[in-house]
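The structures come next, written out as structure tokens.
First chain A sits with chain B, and in the next complex the same chain sits with chain C.
Now for the complex of A and B:
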């Protein structure tokens, strides 16, 4: 009797749950499922943006073009985009993950609430800036006559040296990483601070009574209990890095050469919008989607996020 | 519960498909009914002011037509119009640079000019209105698809103050050749180590079809063969032009680079940043707006586009057109209203020249008018126009420009040899031409 009543309540709650979730499902299916399915379908056709003629079916032709080894040496090939994406993701995702955790722990350990709030807001500010404002700030810094050269030259006492932020291929990649790191570090710091706040203070109190050092507390208590947040942040940071676009676009429109920063999303933009080849751009999107899916699955599998051990 | 969830998921997945399936537009043919013309154009404050006035008058004279004018930054406009057309939601009337606009004709996305609606007695009347050859650009299979909002070419603006500060007399010492341009720039630049604090001249990156291809042509090269089937003609010319750009850049004589601030915007400020900038007649209005004191000082002048010392052809910077075009998907009534609007706007050529952004509408009447002849340095622009030709336009001209950009910047900034950059350029442009 009790069991039946309980089931009735559960069913009622679940029904309301579906009703509440329905708008989000509709939104997601309209703006995510449909474009994914459409991109997958379009990737088998030679579809041009302006053409009204029915697109020609090319089967795997677009994929063959992308992975054609004869084109691998070309600086603007899809292979180069894979390389640029990988370099950018590794160069940004790892520092983002480690330093955002570090900053979050430092901020959480501050005794002054005012200082905590000030630092949280300061770190988070760049994340809410529009790309146009961010571009303007960084172009002022990276202009050869700008603050970047002035600061570095003042620091190293090397007047008149142009660091070629937007010119040298290595510096260009470093510049995109620095901009991205600056823009998103605050977002991940806030996520870690939220995760840290959810760890029960009683555990810390018990460890203090047991005589644990700060180092031991971090490695034996904080980090293991923060594992779900670490996995969440690492997956989100990695996916964000793989999807990077506006930073590279911003540098390119300000005169930087394309090849070193031609990440997959930027190549999709150039191919689909500038070159009007929607079929080929869709094939690139599908490859990126599969990459993101596999890397996320791999991360979930290797980290076993649901298991918290300490 | 699982069944309900499954049905909900299927419904959610199918809903967008049904929405998009219902997206085709109905055609309504009723010329007397009220119509709205969506007109998209690029930002230009002076032109906006003039067109706002003209459109208000037009709507007063044609109460059944409502015009909605939307503006975007010029670069953004190219992408927005294309994306809108790709989704079958393009504006009724729009303008773009011809190298970006030509693909709309070849893909049949725009309608032929309705001569009568635009205010011309016949096609011949339209052709007779414009200077010879201008409408050839938008004529396919005998049909004219656009009306020119502006025809623009670039010459070199010179700041006499900066020349004087380097011990030069701009009136006498201005550069006539590219070699002189580099040598004079060397005298004009101020450097802090490797960093250029003041530049003599800098190019207008990344519009390589406009200024770089003519430089190649001066040396005897061409972008395409006469039949349009072979890419990159005259290797020596291309290598010389690429070498010149290599020497111009930070790895050569360090006279300029695409990563410095836009030269023509700096020019208006007269802040001792730059001595010469490459831009159009319209710059005069912008200098006047940004810096009236400098505009009225008499401390600036305009000189012709230089040539190489050993040039085999006298070619100035290419001119390009912005054309009013009308969406072929718009209803016949809207198309008629849009052509009527285009014709009305273009009947005010002298106003566009004097207070609508200093743009030149290439009508025979305007070219013969005292208004154009009396504009400061208009003779330099007209003479340069007579030495030049329309920019390369084709279905993939924008893509070809991107490839030329890559070639030039790889030699200027990436340390690639001109020979290697040329080989890559040839392969990529040939592929584009073959696919076209």
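Now for the complex of A and C:
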């Protein structure tokens, strides 16, 4: 290494490495770091898109407006958006997590490889459709005369009842959860199947020799060893649910009331783009960013401290 | 993972559960297929009959003609194809270039650069779309392909994937090529790139479909009908024709065909592609 000639080559190499990395560095500075700093900056101003005058500095005014307790009761407040996002996230990601784990275990236990592959591909099919298409299909299923009512009434033996899928505030939220769940279940099932496949079979063999029952095997061996995948999938699903937009947008533009499904991203869109209040929308963006940042840091912390050794 | 199975009752329960889930995932897709051939009255008949009485081809004509009978559907689906393919191509090119630089060259600040790029994964697009929208307005690139593509030229996750893949790439090949007098760009284009085919496939599919599915950004950038993408088309078509369910389903079906073709021909990479998230652990 001390050889002079060698050092020259290393320098040259370093320069080439830098050249290769340069385009991405420029891109991320301009389209990730600059915008997030700009969002913080703009959130302190009363910026409107159409006005030419320089925006007024309002300090924490935008945040005060968002978290104003007097406005908390109004239907389209930011509190309502936080509530809608939280309800949607919990209501979607908990069933997604539990059922995708369950179905991954069921599929992995099948003996026929063909059946395994067929089920994986079939469960995955909805993920190929775009969110807009998924919402369109389900909007017709949720029509008062549609398949949704027919199926639910057939299952519950309650003929002729309209569940008001797209009209009732509670049912409307359930509908968005069903659509989202339907679209992503296959995706998460496959993530868990990959996680299950990485557990070495020798552990299972050892446990059966020791006389463990199937239940014991699942709770004492599979689940603890699957912990990294569980953490990863749950945080990923949660982050995705926090960003949901298309489903809510589609339902709203087709006549559903806005308040129950006015999630944060939708509120940012309406406030920033339709009402042109960029400062206030930026403040909402910052809140969303901080929420997701905390979640991601939580993920890093848990995955690091809980390294599983096989 | 072969475990001996002795109990039979839970087995039947598990089969039933698997079948119920299969019905749940596939029914809406089959519904879209048959409903696209039905008249609205037949779609909303109680009880629903799964077999179309006759082929209502008018649905497809209406879907392609669009709200104003100007066949804007063709333009909009081409826009989506152009934007999604461009994003797939630029992502693969820039991500592989960066991943190669980070994996196989030593230079000062390398780790810092890598960590900064990884840090951008924590910035959700939804949180920076308002500043990006202001940039688009400032540069006056609303209603252009550049405006639609620019924020998605490369993804941090793509860089990560490429770097992970190339770290294990044997350096002897590169050195041998250098000894033979090949230039650095030549090595990248002729040796590195052809050897990352599996990552290129998963990465391009991932970026293609994320743009094919993107509704939010085009809503901000494309206001003119000509520059709208296919999710926007479906959305406004469904708004205008919300009593013509047959035509809505025909439009939805037509918009899904490209993804279905891609899925059928490259299933392996779709399903393998979601499992690469696993490598984040490492």
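Operating definition for what follows: the second predicted complex is superposed on the first by the 256 of 310 C-alpha atoms of A that agree within 3 Å, B and C clash if a C-alpha of one lies under 4 Å from a C-alpha of the other, contacts with A are read in each partner's own complex, and residues count from 1 in each chain.
Please note the rule applied: a contact is a pair of C-beta atoms (placed from the backbone, for glycine too) under 8 Å apart; a residue touches a chain by one contact, two chains touch by 3 or more.
These numbers come from a predicted model, not from an experiment.
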Requested in this report: Name the contact category of A:76: first (chain B only), second (chain C only), both, or neither.
Outcome: first
Query raised in the report: Comparing chain C with chain B, which touches more residues belonging to chain A?
Result: C
Query raised in the report: Between chain B (first) and chain C (second), which does A:257 come into contact with in this model arrangement: first, second, both, or neither?
Result: first
Query raised in the report: Touching A:211 in the superposition: chain B (first), chain C (second), both, neither?
Result: neither
Requested in this report: Using the touch definition from the top, say if A:275 reaches chain B (first), chain C (second), both or neither.
Outcome: first
Requested in this report: Look at A:59 in the shared chain and tell me whether it touches chain B only, chain C only, both, or neither; answer first, second, both or neither.
Outcome: neither
Query raised in the report: Touching A:143, do we find chain B (first), chain C (second), both, or neither?
Result: both
Requested in this report: Please work out whether A:232 is in contact with chain B alone, chain C alone, both, or neither, and reply first, second, both or neither.
Outcome: second
Query raised in the report: Between chain B (first) and chain C (second), which, if any, makes contact with A:51: first, second, both or neither?
Result: first
Requested in this report: Once the structures are superposed on A, label A:14 by its partner contacts, choosing first (chain B), second (chain C), both or neither.
Outcome: both
Report summary line: chain A positions within both the chain B interface and the chain C interface are 14, 18, 25, 28, 33-34, 49, 143, 145, 253-255, 273, 278
Query raised in the report: Within the complex, which stretch of chain C touches chain A?
Result: 1-5, 7, 10, 14, 17-18, 21-22, 24-29, 31-32, 35, 43-48, 94-95, 97-98, 100-102, 104-108, 110, 113, 116-117, 120-135, 137, 150-151, 153-154, 156, 159, 184, 188, 209, 212-213, 215-216, 219-220, 230-231, 234-235, 238-239, 242, 245, 248-249, 251-252, 255-256, 259-260, 263, 267, 270-271, 274-275, 277-278, 280-281
Query - Residue numbers on chain B that touch chain A, as the complex places them - result: 1, 4-5, 8-9, 12-13, 15-17, 19-20, 75, 79, 82-83, 85-86, 103-104, 107-109, 191-197, 205-206, 250, 257-261, 396, 398-399, 402, 406, 409-410, 413-414, 424, 428
**Report entry** chain C-facing residues of chain A, complex
**Finding:** 10, 13-21, 23-25, 27-28, 31-36, 38-39, 42, 49, 99, 102-103, 106-109, 111, 119-126, 128-134, 136-141, 143, 145-147, 150, 182, 185-187, 190-191, 194-199, 201, 204, 208, 214, 217, 228-229, 232, 236, 239, 242-243, 245-246, 249-250, 253-255, 264-265, 268-269, 272-273, 278, 281-282, 285-286, 288-289, 292-293, 296, 303
Query raised in the report: What does chain A use to touch chain B in their complex?
Result: 11, 14, 18, 22, 25-26, 28-30, 33-34, 48-52, 74-76, 142-145, 149, 159-162, 164-167, 169, 253-259, 270, 273-276, 278
